[in-house]
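In what comes next, subunit A is part of two complexes: it sits with subunit B in the first one and with subunit C in the second one.
Right, the complex of A and B next:
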């Protein structure tokens, strides 16, 4: 009897653990690109080591991007970005924490392309603001490709632009996110 | 007058060269430390403060086993002895070094050590339970160990 109880409890723990793991999809090599057009020249950078997790059961979604990993073509531009604009030593990561509001409409067990509405809090430069965006989920048998594109205002995140170039630099930045999320098994 | 013109031209040229200068190539520089992936992960696991002071924002060369290759510009390196992973953003100039690489190959990688994330279980933070991770930037595969 005692042995049966032990097997039952162990079974429950294992089932719960497996269920928890299979609900989560993740990547540590997601990509975020940002682009801002200016009168002087276009500013663009790419970050290839973005961590992201999606809990398909609840629709909860989280991202984290190390700021110093944004690669610019020009060294001086990257230096200014990290030191003067986003102060990467003080604020090393930008993060997003939110959820897919229409998660019930997405059939994770059925391969296909789905539209997702994402809402949550985006933190850049130590400032957190609510954002919402439309995302595309391409679900296959082995992984989920998730992508979105949205615009943020530089001023919203307390990023000050020197007055000398303020008129020539775009006040908004276009952000593109692409990830291939794999099942989290542990 | 001629001296002033030359001086101004010199200043303009310096400013132009500074502005258009590409990011420094961290892969070809002399590394601050040469270690193994296992050594790096173990040192961070044991004492984050000491390891951070020693490695963060430094150029590190390390050897480890290729766990994942994303030819768009990143690799994941690990060590059989530890659970943690090292994620490396590849400098676009070194993307071609990913061609032909296969999983489980022992590679020698160099880049700038950026941050360490501990593995912590937290119901509110989905990112916390993904395993210990060291993030590298401006990296490249220097060689493969035969």
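Right, the complex of A and C next:
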């Protein structure tokens, strides 16, 4: 093969590589809080090591949250959450795979606050269900702050609440997501 | 030839574009698993008689009521032993995630006991994994009842006993946990000159998890220095743990009369093979006092 052609091909491959990476924003320290409290019991926990990736070109967005990292105030509640409810040894991570449906409306190059409509599949306890939510993207020159809030039903994910504690745990859970996404540079 | 090369280049670019849809997390998520401490080896901090390899979470107060009834083979006149009951009331408190303190008082001999339980090594998986947990327990017992034989009258120190125990155990999987409890016990006073003041015993205990909230537990000690003045048998307990939110119930059958280490290692006269079995149930209720300390 001619040396010139070889350089040309290598050049193309390298350019492709670099161009591809700049489209992705990520974090490994995203925060997810959930609330399933009732009058009888404060059921809430925070996870601060959520991984999230956003591809600004396609609007594809993914989250992965390790279940054992949800911290509760009551140690026993955390143990029961893992052992009896979400069975985190069997299902170590909850994930979300989806996309921003109005991605074309978001001007990633211009700093500002944008409303995003997110749709995708949420997998908890081995069960996948479609969810949709409204998110807010706060775009600045160096990062993207993305946050959203939505509600899911505990029963939808095959998580059973025994009748003995039915009054202590809410059947619907409010989930708050707060992330600060930075450009992914390999 | 050139057209083939151009085709290859273009397909390379487009293939990379396609892979964006499949898994964005690849290449970003950590591939090495962080160290993960193993928890939930037992539903409570006792196997049945012995300390288990579980610790209380920091700030947790565990109120324990232990009941032991009489021998079942006494028949209906004694309502199969239910007419006779001894009780131990105890409070355990988690100081840190590796240090628990506990006190208790049993109606049998009106004996007060206290202990400190320290976890030196916690079983962990992932990076730097450790296959077992190692714990140490140090305790003291004090007989509260008045002396039956006051000729000559024993001194205060004769009420005391001390024990020291190591616990080596492993949660093999979600279903099965096994531990060994080598124990050394010293009593300041023994019934006759033939009985040993110093006793060495090895306990073996484990659990088989039957469902999310129920497990089958077995607890046995082989006592090497058995008393000679009476017919001693090694204590064996078998029972079920039922966990219901804040409570853990331990329903069991045993030949051991006492509910602290000094009594069940030196005063177990009952023989399983003779049907000298007692029904017992322990209730453990946990309260969170003060929040967990942030790591």
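The definition used in the following text is that the second predicted complex is superposed on the first by the 183 of 186 C-alpha atoms of A that agree within 3 Å, B and C clash if a C-alpha of one lies under 4 Å from a C-alpha of the other, contacts with A are read in each partner's own complex, and residues count from 1 in each chain.
In this text, contacts are C-beta pairs under 8 Å (C-beta built on N, C-alpha and C of every residue); 3 or more make two chains touch, one makes a residue touch a chain.
All of these numbers come straight from a predicted model, not from anything done at the bench.
Superposition note: with subunit A as the common reference, subunit B and subunit C are in steric clash.
The wider contact with subunit A, measured as residues touched, comes from C rather than the other of subunit B and subunit C. In the superposed pair of complexes, A:141 makes contact with neither subunit B nor subunit C.
In the superposed model, A:83 lies in contact with subunit C only, and not with subunit B. Once the two complexes are laid over each other on the shared chain, residue contacts for A:47 go to subunit B alone; subunit C is not touched. In the superposition on chain A, A:57 contacts subunit C only, with no contact to subunit B. Look at A:75: by the touch rule set out above, it reaches both subunit B and subunit C.
Of the two partner chains placed by the overlay, subunit B and subunit C both lie in contact with A:184. Residue contacts after overlaying the shared chain place A:28 against subunit B and subunit C alike. By the document's definition of touching, neither partner reaches A:104: not subunit B, not subunit C. Touched by subunit B in one complex and by subunit C in the other are residues 24, 26, 28, 51, 53, 55, 60-62, 64, 68, 71, 73-76, 78, 184, 186 of subunit A.
Within the complex, the subunit B residues that touch subunit A are 18-24, 68, 70, 72-74, 76, 85, 87-92, 112, 114-115, 117, 125-127, 129-131, 133, 135-138.
The touching residues of subunit A, counted against subunit B in their complex, run 24, 26, 28-29, 31, 46-49, 51, 53, 55, 60-62, 64, 66, 68-69, 71-76, 78, 92-93, 184, 186.
By the touch criterion stated above, subunit C contacts subunit A in their complex at residues 2, 5, 8-9, 12-13, 16-17, 20-21, 23-25, 27-30, 36, 39-40, 57-60, 94, 174, 212-213, 243-246, 286, 288, 291-292.
Every residue of subunit A that touches subunit C in the complex is listed here, in rising order: 5, 9, 12-13, 16-17, 20, 23-24, 26, 28, 51, 53-55, 57-58, 60-62, 64, 68, 71, 73-76, 78-80, 82-84, 87, 89-90, 95, 162, 164-165, 168, 184, 186.
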